[in-house]
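In what comes next, chain A is part of two complexes: it sits with chain B in the first one and with chain C in the second one.
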Partner chain A sequence: MLPPTPARSAQQLFRRLLALPPPLRQRTFSILNRPPPNYSGHVPLTITERAGLAVGSAFGSLSNPYRHDLIAALGEATSKPYFITRLRHAMLKDPTGRRILSDKPRISSQTMKLEDLRKMPENSVGRAYAAWLDREGVTPDTRDQVRYIDDPEEAYVMQRYRETHDFTHAITGLPVIIEGELAIKAFEFANTVLPMTALSLFAIVRLKSEERKRFFEVYAPWAVANGLKAEEVVNVYWEEELETDVDVLRTRLGISKPPDLREIRKVLREERRAEREARRAREDLGAAGGV
Partner chain B sequence: MASAVPRAAKRLRLTNTPGYVCTDCRRAFAASTQPRLQQQPPPQPPPSQHVGQTAKTTHFGFETVAEELKASKVRTVFSSVASSYDTMNDLMSLGIHRLWKDHFVRSLNPGIRPTPPPPRPPPPPPQSQRILDIAGGTGDIAFRLLDHATTTNRDPHTSVLISDINPQMLAEGRKRCLSTPYHATNRVSFLEANAEDLSAIESSSIDLYTVAFGIRNFTHKATALREAYRVLKPGGVFACLEFTPNLANPVLNALYKRWSFGAIPLIGQLVAGDRESYQYLVESIEKFPSQREFAAMVRETGFLVPGDAEGGGWEDLSMGIAAVHKGVKPV
Partner chain C sequence: MSSPALLKRFLALPPSLRRSFWSSSARASPAGKPEIYDVVCVGGGPAGLSFVSALKSHSATQGFKVALIDSQDLTTSRTVNDADSYSNRCSSLTPSSLRFLKGIGAWERVNGDRTQAYHAMDVWDGVSGSKIHFDSVDKRSTGLLGAIAEMVPGSRFRASRRQYETSAEEAVVATMCENSSLASALLQRVKDFETEEQTAQVQMWDKTKVDSIDLGPEAEDEKSLDLSQWPIVSTQHGQIAARLLVGADGANSPVRQFAGIPSHGWDYNQHGVVATLHLDRTFSANELRTAYQRFLPTGPIALLPLPGNKASLVWSTTPQHAAKLKSLSPTDFTAAVNAAFRLMPVDINYMLATTTTTTDSQAEEFAWREAATPPSSTGLPPNFPHITGVQLGTPASFPLKMRHADTYTGHRLALIGDAAHTIHPLAGQGLNLGLADAEALAKQIVYGMEHGMDIGSSWCLDGYNSERWAANHAMIGVVDKLKKVYSAGSGPVVWGRSLGLGVVERLGPVKAAFMGAAAGVR
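Then we have the complex of A and B:
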C-alpha cells in the first residue's frame, strides 16, 4: 500500500463525497440551466427557490386561506427532504399501499361519478362521500397538479394525499369551514406528518375566540388521539371501499367520529337568536309600559 | 347539479375569464352561471400532434409551437393576466414601467400645439393627430398620450385608436376609459385585431404608431412592421417600447437573468397563482432580438432610423432593461 499522499487522500475524499446519495449532495443545477422535467408539469426548483416558495406560500395562504393553490405549493415545498419519503415508505410497507402505488388511480369528477355514488347503499362510504359533497356544495374537482416534487412516485403520493382529503372529510363529517379544515389538518398531521398540515394550523389565529376554545377543547384532542392511533389513511384504496359501510371502515382504521361541527354551530346560533329575541321582547315590553 | 355549477365559494376559483371586474378594487367576479374550472395551465397540444413535417414553427417562450397556434396561446396568456396586468407589470419591473411609459410618451410629444392664427388670411382648419396604439388593450399608453396632448400641448383634437388581439384586455381598456375625461368624447376608439393584419385601417391614415411591450408577442414581427409602415402617413412616426434580452453590463445581466427566471415566475405563482404565464413572459423577453438586430429590422422595413448599424438607432432605458426604438416613414 502506498503511503497516503495529500493528492490521493483528496481524491479519495472526493470519490466518497460523490458516492453519497443524491439528496445529500449539493444540488448541481442553477436557475438558468434547469434539468429536464421528470414528469409532465414538473418544475425543478433550486434550494433558494424552494425556500422562497415555502415562505411566500406560508404567508400568502395565512393572509388568504382561500388560496388553496398556495397551500398546495406549501405542501410540496416543505415535503422534502424527509416527510414525503416517509409517507411513500409507509405506503410501500402496506400491501394496499403498494397496490395503490402500482395502479396510481386518480380521483376527479370523471372517475367519481356523483350520480352513481348517490345510488350506493345507505351508510356506505360512497354514499357518505356524495352526501358530504352535496351538503358542503363542492365537487371532486380536479385538484392542483403536483409540480415541485422531483421524484415522480413521491409526486404521485402527494397528489393522492390531496385528492383523498375529501374522503377524510366525508368519513369524519367535518365541514369545509375553516374550523372544520383545521380539525382535519390537525388529524392529518398526526396521521401523515406532512409539515404543511402542521403549518396550516397557524390559521388558528383567524378563528373567533369561541371557535378557538372549541378547537382546543374538542377537536384538537380528537385529532391527535385519532390521528396517532389510526392506520395510515393514505393507504386506503378508496375506489374499492366505496360500498363498505362507513362505521365498519372507521372501526377498521381506528377513527372515531368527532362531534358534528355544523350541528353544534347551528344549535349555538339558534340559542343566541332566541336569547336576542327574548331580550328585545323584554325591552319592547318595558318601553310600552312607559318605564 | 353540483358537478355542473360548483357553488362553494370557499374553494377558490382563479378564473381565466372574469365575467366582471370591479374597477375600484380590481376584484374579479365570475358569472355565476358559467361553469368554472380550477386554475389550469393554458391548453398545450404537444407540437408532434399538430405540426406536420413541413409545418412552420415558431417559438412561444422556449417552447416550439406551430405558427398558427402562437397567436391563440398568446391570447390565452393575456386573458389570464388581463385583470392583474398592472400587478404583473409592477412585479416584473418593480414599478419602473410607469417611468418608462411616461418617458416614452413625453419623448414622442403627441399633440399639435395651437399657434395664434395669422391676422389677415382665414385661420387654417384645426389639425388633428391620429394615433394608433397597438397591443395597448388596457390603455396605459393611449391615455398617457391623450393626457400629454391635451394638457401639455393643449390639443383637444388628438385621437387614439387602441388595438389589441385580446378582447379581455380591450374590455379592461374600455372600463378604464370610463374613468378618464375622454369617455364622452370620440377621441378613443377600440379595435380587436392582430397587429399583422390591420386591414380594418386604411393605408397612410395614422400619424403615430406606438407599441409598448407588445411586439415580443407577435408571431411575425416583420409582418407587423410592414403593416405599421403601410398604415402610417408619410412622415408618420413608428415608436416601440420593449424589453431587451440582455443588459449591457455582464454582471448586472447575470443577476437580472436570475431574477427573471427565478423570482418572477415565483412571484407570479404567489401573487397571481399563475406561474406558466409569467414563465412565458420572461422566456419571450429572452427570445426577442437585441436592440441592434431590431433596429436593423425597423430600418429594413423602410423606416428612417437615426444612427447606423453600429448604434444610435435606439434608446436604452434603465441600463438596458428596456429600449425605445423609433423610425419615421419617409415622405
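Then we have the complex of A and C:
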C-alpha cells in the first residue's frame, strides 16, 4: 500500500462517492448536482450555501446599509423554513390575498405610471404614493428580483412584499432615511414576522444617540402596537386601492399615523441652528465688548 | 253476580292462576312457559350472523337450538349486481377475517366480482408530507440486522431477492367488500344450514323488535324449572329463554343495557363522509391495487380501491365540513375530494368554508390551486389517481365516536361486535374486530361444549373475555391516540410524528410488526 498523499486520498474519496448506489447519488443535492430552476432567475441553494449567504449578507448589509441587494438576499435566505410559508398561508386565508396570488400583479414604473398617480384625488393613496416617491427621489423600479426561494408561489409572496414596501412608506409617511426605514422595519416585523425585518434592526447601532433615543421612545412602540393590531398589509390589493382616501384605508387596516419624522428633524435642526446663531452672536458681542 | 261473591270465587283459585291474573307482564307464549334455546343471538349483522354460522360449522355445537332476532328485514337481497354501482358502505377485511369467513363457508357465497383485494397502502401526513408505504415485501424482510445492513450505502445486502418472492395470496394487505354483500352471503350461509344433516335449523326472526329482556320468574316449586337467573327475551313471537344470550345488536345495544354493563368513551366531534368515486383509470382484476390515506388536521381521508375504475371514500372531518360536502354538486364534490388529497390544509379549509352559492366554483378554485401546489411538497404518492366523478346518491355521513364496554360477559350473556366496542374508522378495524369477537366466542363455546361446561356460566365465558377484551382495548387505544396525534396542525407534534413515521418507514421489521397487528395476526 502506497502512503496516502492528499491526491490519492481525494481520489479514494471520489471513487467511494462514485461507488454509492445510484438512488443515493441522485438523491443528494450538492454543488455537483443542482436541480433545475423552478422559475426564471431561480438559484437553488444547499443548506450550507443558504446559511453562508444569511451570515455574509447580514454582516455585509450592516457595514454598508446602501447594499439593498444584500438586504434582499438576507431576507430570502432567512425566510425558509417557516416564515415565508406562514405569510403565504396568511395570504391564502384571506379572499383578497387569494386574488393577489391568482392575478400575480407586479409593481414597476410600467404598471404604476407616476403621471396618472399625480392626477389622482387629493389625499388618495395613489397621490400620496406619488408624492412620497417624488419627495424621497426614488422610483418603483429599485426592487431586486427574488432568486433564492424554491417554491414559485413563495417567491412571488416575497416579491410582492418587497414591491409594496414603498406603499407602507406612503401611508405611514415615514421617510427613506435610516431612522424612518428602521421604524418601518419594526412595523413590518410585527405585521409579517419575516426574520429579515427583525435582523435589520441591528442597524440601530448606526444611529446617533439622540436618534436612537427617539426610536426607542416614539417609533418602536408605535411600530409594535400598530403592526400587531393591524390587518396583514401584504393582503392589500394596492392596485385597486389607489383612489381610496388614505385616512379611510388607514382606519380600515387599523394603522395610526406616526409623528412626521422629517418635520421633527427639521424643527430640531432649526432649533439647533437658532441656538448656534444666538451663541455666536453673544460671543461676537462679547468680543466686541472687549470683556 | 254480586261483587263480594265474585271476590270469594276468585280467592278460591289456586295461587298460580291467581298470581297470573294480576300479573301485568306479557305472556303471549302459548305454552305458558318460555321456550328454552341454547343460544339466542340478538342482532343479525355481520357479527351475529358469522357467530351463528361458526357455531353451526363445528361438530360439537351444530346440534344447538339457536334463535336469531333482528329488527330489520333480512330476507330481501340488498345487493344489486350492477358493475357500475357500488354501495357506499364498504369494509376492508383483513386476512384473518377472511380466514374466518372461509372457515365458516361464507366467503364462497360472496360475489367475487364485487370484492377487491389490495396489495399496498400509502399513508402520508397532510401537514408535513412525511409518508409511509406498506406492502407485503416488508412481511418477508430479513430481520432487523438485515434492515440496518441494507441502509449502509454500497453494501451488497440489497441483493436479497427473497423478500420479493411472494405468492399472490400473501401479497394481499386486505380485501374490500360491500357490507350488504357480506351480509347477504352470511345470511345465505345460515339458511343453507337447514339442508345440512345433523345441523339443527336456526330459528330466524327478522322484522322482530325485542320488546323486553328480563330475568325469568322464580320457580313455582322445587321440581319445576328455575329460570330466575336466565334471560328471557320477549318479542311478538313470544318469550324465549336463553342458556346464553349473545348481544350483537349494535352500538346502542339493548342487551348491554339489560346486563347493566357500562360503556365508556367519548364522541369525536367528527363525521365520517362516505361515497363511491370514479377514477381516471380502469384496473383489471389481476392488477395490483393500492389504498391511500392522508392525515389532515381535521381528520384522515382514505381512498379504498373497488373493482374496475371505482373506489370507496371514507373521510372523517368536522360536522360543518361534512354538511358542506353533502350539499355540493357532483362536480364540486369531486373537486373537494381531489383537493383533500392534493392541496395544502389551508386551501382545503378555505374551499370548504366559503359560502359561495355558485356551482362549479370549487372546481375552478381547485384547478388553480393544484397548479400552484407541487406534489413533492405535500407528499403525494407518485401513482395517485385522479378522481373524475362520484356515484350519484352515495355521499352520506355518520357521526364518529369511541366506546368500549367495561366487560364483554355477564351471567348467561356475551357481547360481540359494535355492542361491545365502537372505534374510529381510520384503521379500518371496526368490522374486523367484530368478526374476531364472533370467532373467539364461537371457539370458546365449542371448547365449553367439548369439556362439559354450562356455556352460559362465567367459567366458560371468562375465556372469551380474557382473549378479546385486552386486545380490543389496545387496538381502540392506539387508534384513538393516532387520531389525536394527527389532529395537530402545526408545532412540535407535527415535527415529532413526521420523524417517527420516517423512522418506521425505514425499519422494515418494525413496519411488518405494525402491519401484522393491523391484520389481526393470531
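Keep in mind that, in the parts below, the second predicted complex is superposed on the first by the 262 of 291 C-alpha atoms of A that agree within 3 Å, B and C clash if a C-alpha of one lies under 4 Å from a C-alpha of the other, contacts with A are read in each partner's own complex, and residues count from 1 in each chain.
To be clear about the criterion, a contact is a pair of C-beta atoms (placed from the backbone, for glycine too) under 8 Å apart; a residue touches a chain by one contact, two chains touch by 3 or more.
Here the structure is a predicted model, which means the values were calculated and not measured.
The partner of chain A that touches more of its residues, comparing chain B with chain C, is B. In the superposition on chain A, A:19 contacts chain C only, with no contact to chain B.
By the touch criterion stated above, A:176 is placed in contact with chain B alone, chain C being left untouched. Contact with chain C, but none with chain B, is seen for A:93 once the two complexes are overlaid on the shared chain.
Shared-chain residue A:133: touches chain B; no touch with chain C. Once chain A of one complex is fitted onto chain A of the other, the partner contacts of A:144 are limited to chain B, with no touch recorded for chain C. The part of chain C that touches chain A in the complex is made up of residues 153-154, 158, 344, 346-347, 350, 368, 372, 374, 377. If you check the complex, the residues on chain A that touch chain B are 30-32, 41, 43, 46, 48-49, 52-53, 56-57, 60, 66-70, 73, 109, 114, 133-134, 136-139, 141-144, 147, 176-177. Residues of chain A touching chain C in their complex: 16, 19-21, 24, 89, 92-93, 98, 101-102, 151-153. Remark: chain B residues 2-3, 6-8, 10-12, 14, 37-41, 257-258, 261-263, 266-267, 269-271, 273, 275 touch chain A in the complex.
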